[in-house]
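What follows is a pair of complexes built around chain A, which joins chain B in one and chain C in the other.
And then the complex of A and B:
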């Protein structure tokens, strides 16, 4: 479906990364594969290092640290926003909503719309749509959108399919009204019939966690994982992305009446460098216009990879100018979505470590 | 075919490969190799092949026939 929004903008963003950094070459022996093949995997996929929480760190811990940083920096007031949206697949609890936990820990006012959304790799876009819709309410002046996941805690460290690329992170994106009344075009599709492609089979109500679901088993390739762990059908996801994303972007630009040459940057979710470069090849977009370096620096933190791509590659530009950006998200659900919007100038665009250096 | 054999040698980390070579004879015929074949099918042959379909091929030559036929496999 096509979506259209009017008069909304991203005012600033902050990414919060676990300080704990792990190198792929130090982790190769965790996998039951010849070292030469793991080195080949590193080279082909573009793996190098990733950020993983050290110990039982939760999504609310990363988010609270991010907000306290913004309050301390004076770029956001504790009562400067009226809605708190958290997009995550690794909530602190089944109940209550982790956005409520964050509200409580920050001591925010009661006139606050808190909600959790269960979305992953398309989660930055889905969160922005929800923020835009909330901003239709006069009582809501500004929305704080949090994307956060600590999925490393649900991925088996002996799973070469998923562990090398996983990353933990959070981002806080401030979304507000734009006096210029700019139109934002977007589109969105979902296909639940393919929902098995990315899944944590056990631990919910369908298959509660038990001794059996916690026991790792080897798959045909020698990856050890339990049913409590994330499982991904990598080749099915690859085909899904290569098949669905290029026509989606084409349709977005056609609907918006925009020329591809006028697009300054394509900011796509980053599963790994390999998949992004194959997408760029297929769409005939130069690599310089489509950053693909988030995973080699930080890992794939689902909904946080787009904010990270902005902070890592475009910080100086989005602080000063307005870029014509195409955002693209695709993954769990399956969900795929894209958006054409002016990006910047932002009040801030930063990355901090958790825990910070005191 | 020559280009295909060169690509396959690179994917399988071999000096060279031949049409008659059995895929399961290569220690490097793993999920990474299969994903690389899927990507090659996409970029050079405009074919979307599932991992399942590729696993059905016995020899390097079978794989070439699969890619050339542009079989759509979901």
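And then the complex of A and C:
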């Protein structure tokens, strides 16, 4: 479906990264594969290092640290927003909603719309759509969108398919109204018939966690994982992305009447460098316009990779100018979505470490 | 220039790729090896295999890989 929004903008964003950094080269022996094959994987996929939480750190911990940083920096008031959206696949609890936990921990006002959304790699776009819709309400002047995941806690450290690329992180994106009344075009598709491609099979109500679901088993490729762990059908996901994303972007630009040459940057979710470069090749987008360096620095942090890519690659530009950006998210669900929007100038665009400020 | 067999052997030196008719079914290549193979073929022959072409049927044996390369103007 095609979506259109008017008069909304991203006012600023902050990424929060666990300070704990692990190097792929130090983790290779965790996998039941020869070092030479793991090194080849490192070269092709762009694995180098990733940030993962150290110990039982939860999504609300990363988010609260981010907000307290913004309050302390004076770029956001504690009463400066009216809705709190959290997009995560790793909530603190089944209930209550983690957005409510964050509201409580921050001591925010009661005139607050708190909402959790279960989404992953398309979660930045899904969260923005919800923020844009909430901003249609006169009582909601600004929305704080949190994307956060600590998926390393659900990935087997002996799973070469997933562990090297996983990253934990949070981002806080302030979304508000734009006096310029600019149009934002977007599109979105979902296909639940392929929902098994990315899944944590056990631990919910369908298959509660048990001694059996916590016991690791080897798959055909030698990866050890339990049913309580994330399992990804890498080939299916790869083919899904390569098949669905290029026509989605083409459709977005056609619907918006936009010229691809006028797009300053393509900010896509970053599962790995290889996948993004194949997309760029297909779409004939120069690699310089499509950053693919988030995974090598930080790992794949689901819905956080797009805001992280902005903070890592475009900070100086989005602080002072307006870029024509195409955002693209794709992943769990399956879900795929894209958006054409003006990006910047922002009031702030930063990255901090948790714990401690970088 | 390396041959396809050289490239395959670089990735999995423990196997003889000249005889198998299905590298994936015979456990000689897994999904990540296939990506490594694409990366090496791209670099060695100066081509860009498309993401939608990265399917098991295009890499299951030597002839399938030759057929794919020929679509990109490479006789190997």
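The working rule: the second predicted complex is superposed on the first by the 356 of 358 C-alpha atoms of A that agree within 3 Å, B and C clash if a C-alpha of one lies under 4 Å from a C-alpha of the other, contacts with A are read in each partner's own complex, and residues count from 1 in each chain.
Heads up, the rule we're going with is that contacts are C-beta pairs under 8 Å (C-beta built on N, C-alpha and C of every residue); 3 or more make two chains touch, one makes a residue touch a chain.
Every value quoted in this text rests on a predicted model; they were computed, and no experiment measured them.
Asker: What is the contact status of A:71 with respect to chain B (first) and chain C (second): first, second, both, or neither?
Answerer: A:71 contacts neither chain B nor chain C.
Asker: Taking the superposition as given, does A:113 touch the first partner, chain B, the second, chain C, both, or neither?
Answerer: neither
Asker: Using the superposition on chain A described above, determine whether A:348 touches chain B (first), chain C (second), both, or neither.
Answerer: A:348 contacts neither chain B nor chain C.
Asker: Answer with first, second, both or neither: which of chain B and chain C does A:279 touch in the superposed model?
Answerer: After superposition on chain A, A:279 lies in contact with chain C alone.
Asker: Which positions of chain A sit in both the chain B and the chain C interface?
Answerer: Common to the two interfaces on chain A: residues 37, 40-41, 44, 161, 221, 234-235, 238-239, 242-243, 274, 278, 281-282.
Asker: Which stretch or stretches of chain B touch chain A in the complex?
Answerer: It is residues 13, 27-28, 30-32, 34-36, 38-39, 42-43, 48-51, 74 of chain B that touch chain A.
Asker: In the complex formed with chain B, which residues of chain A make contact?
Answerer: By the definition above, chain A touches chain B via 33-34, 36-37, 40-41, 44, 161, 221, 233-236, 238-239, 242-243, 274, 278, 281-282.
Asker: Which of the residues in chain A come into contact with chain C in the complex?
Answerer: For this pair, the touching residues of chain A are 37, 40-41, 43-45, 160-161, 220-221, 234-235, 238-239, 241-243, 274-275, 278-279, 281-282.
Asker: Considering the complex alone, what residue numbers of chain C touch chain A?
Answerer: Interface residues on chain C, with respect to chain A: 11-12, 30-33, 35-36, 39, 48, 50-52, 54-56.
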